[in-house]
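Chain naming follows the written order as A, B, C, D, E, F and G, and within any one chain the residues start at number 1.
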Amino acid sequence: MFRNQYDSDVTVWSPQGRLHQVDYAVEAMKQGSATVGIRSNTHAVLVALKRAANELCSHQKKIYELDRHVGVSIAGLLSDGRILARFLQTECSSWRWDYKESVPIQVLNNRMQLKLQANTQHYGRRPFGVGLVIAGYDQKGPHIVKTDPSAETVETYATSIGARSQSARTYLERHLADFSDATADQLIEHALLALRDTLPAEENLTKKNTTIAVVGKGQPFKVIDDNDVQPYLERIGDQPRAVAPVEAEGGDNMQE
Amino acid sequence: MFRNQYDSDVTVWSPQGRLHQVDYAVEAMKQGSATVGIRSNTHAVLVALKRAANELCSHQKKIYELDRHVGVSIAGLLSDGRILARFLQTECSSWRWDYKESVPIQVLNNRMQLKLQANTQHYGRRPFGVGLVIAGYDQKGPHIVKTDPSAETVETYATSIGARSQSARTYLERHLADFSDATADQLIEHALLALRDTLPAEENLTKKNTTIAVVGKGQPFKVIDDNDVQPYLERIGDQPRAVAPVEAEGGDNMQE
Amino acid sequence: MFRNQYDSDVTVWSPQGRLHQVDYAVEAMKQGSATVGIRSNTHAVLVALKRAANELCSHQKKIYELDRHVGVSIAGLLSDGRILARFLQTECSSWRWDYKESVPIQVLNNRMQLKLQANTQHYGRRPFGVGLVIAGYDQKGPHIVKTDPSAETVETYATSIGARSQSARTYLERHLADFSDATADQLIEHALLALRDTLPAEENLTKKNTTIAVVGKGQPFKVIDDNDVQPYLERIGDQPRAVAPVEAEGGDNMQE
Amino acid sequence: MFRNQYDSDVTVWSPQGRLHQVDYAVEAMKQGSATVGIRSNTHAVLVALKRAANELCSHQKKIYELDRHVGVSIAGLLSDGRILARFLQTECSSWRWDYKESVPIQVLNNRMQLKLQANTQHYGRRPFGVGLVIAGYDQKGPHIVKTDPSAETVETYATSIGARSQSARTYLERHLADFSDATADQLIEHALLALRDTLPAEENLTKKNTTIAVVGKGQPFKVIDDNDVQPYLERIGDQPRAVAPVEAEGGDNMQE
Amino acid sequence: MFRNQYDSDVTVWSPQGRLHQVDYAVEAMKQGSATVGIRSNTHAVLVALKRAANELCSHQKKIYELDRHVGVSIAGLLSDGRILARFLQTECSSWRWDYKESVPIQVLNNRMQLKLQANTQHYGRRPFGVGLVIAGYDQKGPHIVKTDPSAETVETYATSIGARSQSARTYLERHLADFSDATADQLIEHALLALRDTLPAEENLTKKNTTIAVVGKGQPFKVIDDNDVQPYLERIGDQPRAVAPVEAEGGDNMQE
Amino acid sequence: MFRNQYDSDVTVWSPQGRLHQVDYAVEAMKQGSATVGIRSNTHAVLVALKRAANELCSHQKKIYELDRHVGVSIAGLLSDGRILARFLQTECSSWRWDYKESVPIQVLNNRMQLKLQANTQHYGRRPFGVGLVIAGYDQKGPHIVKTDPSAETVETYATSIGARSQSARTYLERHLADFSDATADQLIEHALLALRDTLPAEENLTKKNTTIAVVGKGQPFKVIDDNDVQPYLERIGDQPRAVAPVEAEGGDNMQE
Amino acid sequence: MFRNQYDSDVTVWSPQGRLHQVDYAVEAMKQGSATVGIRSNTHAVLVALKRAANELCSHQKKIYELDRHVGVSIAGLLSDGRILARFLQTECSSWRWDYKESVPIQVLNNRMQLKLQANTQHYGRRPFGVGLVIAGYDQKGPHIVKTDPSAETVETYATSIGARSQSARTYLERHLADFSDATADQLIEHALLALRDTLPAEENLTKKNTTIAVVGKGQPFKVIDDNDVQPYLERIGDQPRAVAPVEAEGGDNMQE
């Protein structure tokens, strides 16, 4: 695709009515390792693939607890993602201080949306190069919300972002009917199966590279890592993989 | 059309006296999914086409209630539209706080016009990439107001903006004489028929992709979604479509 | 005419001592639909051609009342014009608050001149793309003042700006001697005849596309629209048109 | 003359040590209609040529009274000139308020010089496109001061700026010896004869296009316009013109 | 690899979703002389290679004590590194003042991450051209944290950054299993052996060019230099080097 | 000499370590009409060549009294020079107010140096296009200080800047031994002879174009102009000129 | 070496991880006349070569006393150097005011380092074009510190910067062993011999062009100039020069 001078400034429209800098930031999001979110009528879960630059260092933190009822998984430029997670965490605690209650997920979405949009319209900033999947539970029940560098936030039943996330979305669309009445554990299994589909054929989910989070009715937001992940992996262990993935590159930008 | 360096800065006039950045932002508006607004002597209605990025996520929110007597439908870059809806909502509640009454629609138009114009004249900003159709009811009766990135606001009897909205406007012009004495339900039917004309031949209005709003004499602003849309769709169900639409692309920018 | 890099920044002089951005903003003014102003020894009148983007919407507002003794007609980028009309209206009401009297028209001109000039000398702004014709009546009698994007304001007996306004000026120059002792109605007739000369041969003045305003001795500023315009149109109805206009494009920028 | 990138920014020196933007602003001054200033030992006079864009509007105001003892004539971009005249008028009234006396002309020159210089050294502004001739009378006697966009102010016996002012300066140099002991009326005659030399052969000074001002011992600053100009024109009426002018273009920038 | 205009501004995304300025700052880090960090279950150590511009001057300071429980080693543009070390030291002392206790290492990482990220998103700054390895000991035990110009911070067991650090990482990966139960002295030996592998064949570690730091249970942060380094070097003295390094350029940027 | 993009911004170094904008501002200084300064053990004198744009106006002011013990002569862009003279005069009077004594010349030099340097290092300004020669007398005796756009100030025995000042410097170097014990009048004669050498062969010093200033032991700073210059010119009248000057262009920039 | 667009902005990294503007500022430093600093266990000395633009003016000041225990010698753009010397002097006196004692040299280095680094990272500034050699004596003994435009400061035993300083460094490296126990006079002799090696064959050190400074145990910072330099020159007079220097250009930038 031919591109020109309209693509280097976030405050410049292209003749076709596009903001190319937003499109390019979406590319950064797409290169992050994948994450999946699903909700039933009672719970919302997140699973994410953690990468490690090499053998020596621990795996990247992909899922952040924001408050006792909500957390977020990120894909893309991890340092941008951490800034946003910190922003959301501050919003949660401000609300709790002011109103003595958990922030409604919709409020959190609105705040996030305003913050992201500002970076698409003001000179001298750049759009955040990261996508977020928020999982929360409030008086209206469980929520999964996806947001991306364009500042668009979408309430959703199930979603996946990051490298090769199309494979995960294909899985999710096929099993959409099963989610609403699923138990938390069933949701996690679906999410792991979808996440596994984003892996190249020679890789697999392990207790090292997989992280899980769950929140819902009577269940505060909980992150499951390392050995605690193993039982979930064993449950999906012998199910055949849905599609043969082909792409092999990608992974969050650690700039090494 | 030949374009040159005059088109990349909102504060630069072209030799022909055009602000190209405003023109390009209008392009973003034209790519949004269509919305239609009509008023009679007693009511004003909005209908809009909602898109969903894929099967997994809910449809975009296109119509926002601003106050009990007024709402807005947006077409274009949805994150820009949400910023403006939030701005209008704040204006409504400020007026209500100060004067203990609903803000007159004309006041709302003026505030909107000032906000949009500023982004067409100051360096380091960009015009909003969105068009709005406001439907309200105040002491002077019902109002439909259309505004676009050029900051021009127009009071109108019926209007449509967004992708393939020309087809809808053709419908509206043909039936203009029928609107002034129509009931609210009749207005909604006209609006749905106009909206249906913006769809490609293989698509149709459904209770999922259609949203309706109505306000008027004795009728606070009400948004009609999902199952409540079905009865309206059934009424127009077997009427033949006026024109065979040809364009197939478009839809609000969700940047996916 | 050859143009170069001197024309894209309002703070840059061309080697010939021109500010090209001001010239280009004047082009925007010239594309607005025409307006005409004339004064006698006792009255000042404005007439203007209103355009509508299509059948559905009302015609553009071209004339604004600023105070009980003064109003303004605009040609060019309508959203810029509305900002300036709002500015002038605020100046009028500030003066009335401070001094309990109508603002002298000369004071209003000076304020306008300062505001427009600032946008021709400071980086990061652009000249306003609009011309104004102010009609007022104060202790010194009636006034017609023309201003344009260069910030030059000129007191005048009769003037016309906007698309094909040269035809109107030709009419006005021929009948200049008749204006000083004319009645208000006679001034309006002259103004309408001049305005009609700006129309292409196949168009005509109608009660929909024509707006009239008058102010003078014992006559507060009054805008005449719609049905009230009809009697004036009938009076000039069978007079032959002075010149055969040739240009056919133009009209205020509504960016549709 | 070859010019390059050094000429588009007022804060950039050319390799030859020139500020081209200042040179270009001087071009704007040179295109203004001419003005002449002369002083004797007792009086100072200004005459200026007024232009009108067309038959309909009054002639431009070229000479401004600043205080009862001083005034200014401008040539170049008239809206810039008016800003500066307003600035000088404010300086005059501030001094009168603080010290209960007329501002010395030298003080006025210094203030003007600082204001003009700032626009030749700071990024994001442009030099004023106008030249000024100040005529005043204070405790040191009469003064004629010329200033231009470079911010250089020069005390002078006689001067002329604007279109074809070289012809006027030629006249003034030939009659320099006659000025010091001339009466006010004689000064005006000399100034008019010099001004007439700036006109193309087919034009002449008229009571419409000529404005005169005089200040001096026992004579507050007085502007002479319209019918009051006629007697002065009659006195010089049958004197042959000194040189046959050749240039025909020029006139203050009204951007019409 | 082909690069273009997307790489000269930190606020501009490339079409591939990269921030090239961050990549280039990483290059500056890679040219710094190498540093190595390792931790066991009880201690964390740093070793670094010091360069000297010539015989006359002392070797560069590479390791800074930040507080009694934490220190940092830097690689890259040393003046940038010193700014960051100073920043971290201030954070340590602020925490100690406020809470009368050592700052948790995780808090320090978060502060560092925010500071670095800001320079990757705001116009008019540049990313820091330096990488850091922090070694600390707090209530959760020993920590090694690596950070780089992309603002990504990673908790790690062992790491090396700077020129030819790949050779050191190869050593570390081979001996990873030995670290967790090692004594402080054993950790230092491993670190020195890894560091030695970054040297060209003709160079060796000496008491002049090597600096060591250790912190841990019952051991405040201590820097070991000059003669105190000798015993450690002697212990590794006769062990054969693991790989034959090939690269010969590099060294921290002293801009001489 | 080849020049490139390094020369248009004062904050950009060329690869050769030059600030070209400073060099170009020096060119402006070199085009000013010449000035000469000399000091003995007891006095300091300045002489300067004044230019007039034409016969009508007075000659430029070249020498400014700053305080009773110090003055300055300028060469280059006169409006810049006046700004700096005003700055120095303010420094003198501030010191006198604070300390009830004359400002030491060294203090004045330091203030000047700081002001000039700032314009060589900050974006959005330009170096001053002027050189200064300060002559003063304080407790340490007489001083001549030369400064230029690079902000370098040099204490000197004798100096000359401006157009063809090399010829004057040649004279001064030849007679350097004579200055320390010279009387004030002898210094003035030397300075005039040096200044005369900067003139083209067909020009000469006159009481109109020459200005003299002297300060020293028991001699407050005094400017000598017009008729008072004549006796000094007569004393040097019949001495043959040292060298035959060849250049003919130059003179302070009055931008006419 | 090929250079490109990465070299004109101090906030832009080159793809190789270089800040070219810093490199270019180092070039300015290298063109300054040379300076040498050496320390023993008890003293620190500076010697510097002073240049004069011509016969008329005094030699440049190269060494500044900062406080009674510390001074600095500069090479490069002298006006930049003076700004930095002034900054350091202010730091010294602030410390003395606050703590009633001499500022430790290490503190001074840190302050200097922060000031220089800021100009390498912020848009709209430029790196200082100067190098400094600081000589001081505090509770830890004598210090020689070298700093350059990259903001790197290095504690050193002996150093030389400026034009042809490589020759001086060669001398210093050869005699490094002799410095630690040398007397102050012996240090000065070594420094002068090193400095002499930076001169072209046809030049020599003279009491006019050489300046010396010494500080140490019981010896406040003292600058030795003019006749007081002569005895030191005589002591080194008949020693043969070590190397035959070849370069002939260079000298501090006085921009004449």
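Everything below uses one rule, namely that contacts are C-beta pairs under 8 Å (C-beta built on N, C-alpha and C of every residue); 3 or more make two chains touch, one makes a residue touch a chain.
The chain lineup, named per UniProt: A, B, C, D, E, F, G = Proteasome subunit alpha type.
Please read these numbers as outputs of a predicted model, since none were measured by experiment.
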Q. Listed by label, which chains are in contact with subunit E (Proteasome subunit alpha type) and with subunit G (Proteasome subunit alpha type)?
A. none
Q) Rounded to the nearest 5 degrees, what is the angle of the rotation relating the C-alpha atoms of subunit A (Proteasome subunit alpha type) to those of subunit E (Proteasome subunit alpha type)? A) 50
Q: Quick one: compare the interface residues of subunit B (Proteasome subunit alpha type) with those of subunit C (Proteasome subunit alpha type) and tell me same or different, with half as the dividing line.
A: different
Q. When the centre of a chain is set as the mean of its C-alpha atoms, what distance in Å lies between subunit B (Proteasome subunit alpha type) and subunit E (Proteasome subunit alpha type)?
A. 56
**Q.** Rounded Å distance, subunit B (Proteasome subunit alpha type) centre to subunit F (Proteasome subunit alpha type) centre (Cα mean)
**A.** 70
Q | Per-residue overlap in subunit A (Proteasome subunit alpha type), given as positions that touch at least 2 other chains | A | 9-10, 23, 26, 123-124
Q | Chain contact topology (line, ring, star, complete or other) | A | ring
Q) Put in order round the ring, from subunit A (Proteasome subunit alpha type) and then through subunit B (Proteasome subunit alpha type), what are the chains? A) A, B, C, D, F, G, E
Q. Of all residues in subunit G (Proteasome subunit alpha type), which touch subunit F (Proteasome subunit alpha type) in the complex?
A. 3, 7-10, 20-21, 23-31, 53-58, 60, 77-80, 82-83, 86, 123-127, 129, 253-256
Q: Would you mind writing out the residues of subunit F (Proteasome subunit alpha type) in touch with subunit G (Proteasome subunit alpha type) in their complex?
A: 5-6, 9-19, 22-23, 26, 110, 113-114, 116-117, 120-124, 146, 148-152, 154-159, 169, 172-173, 176
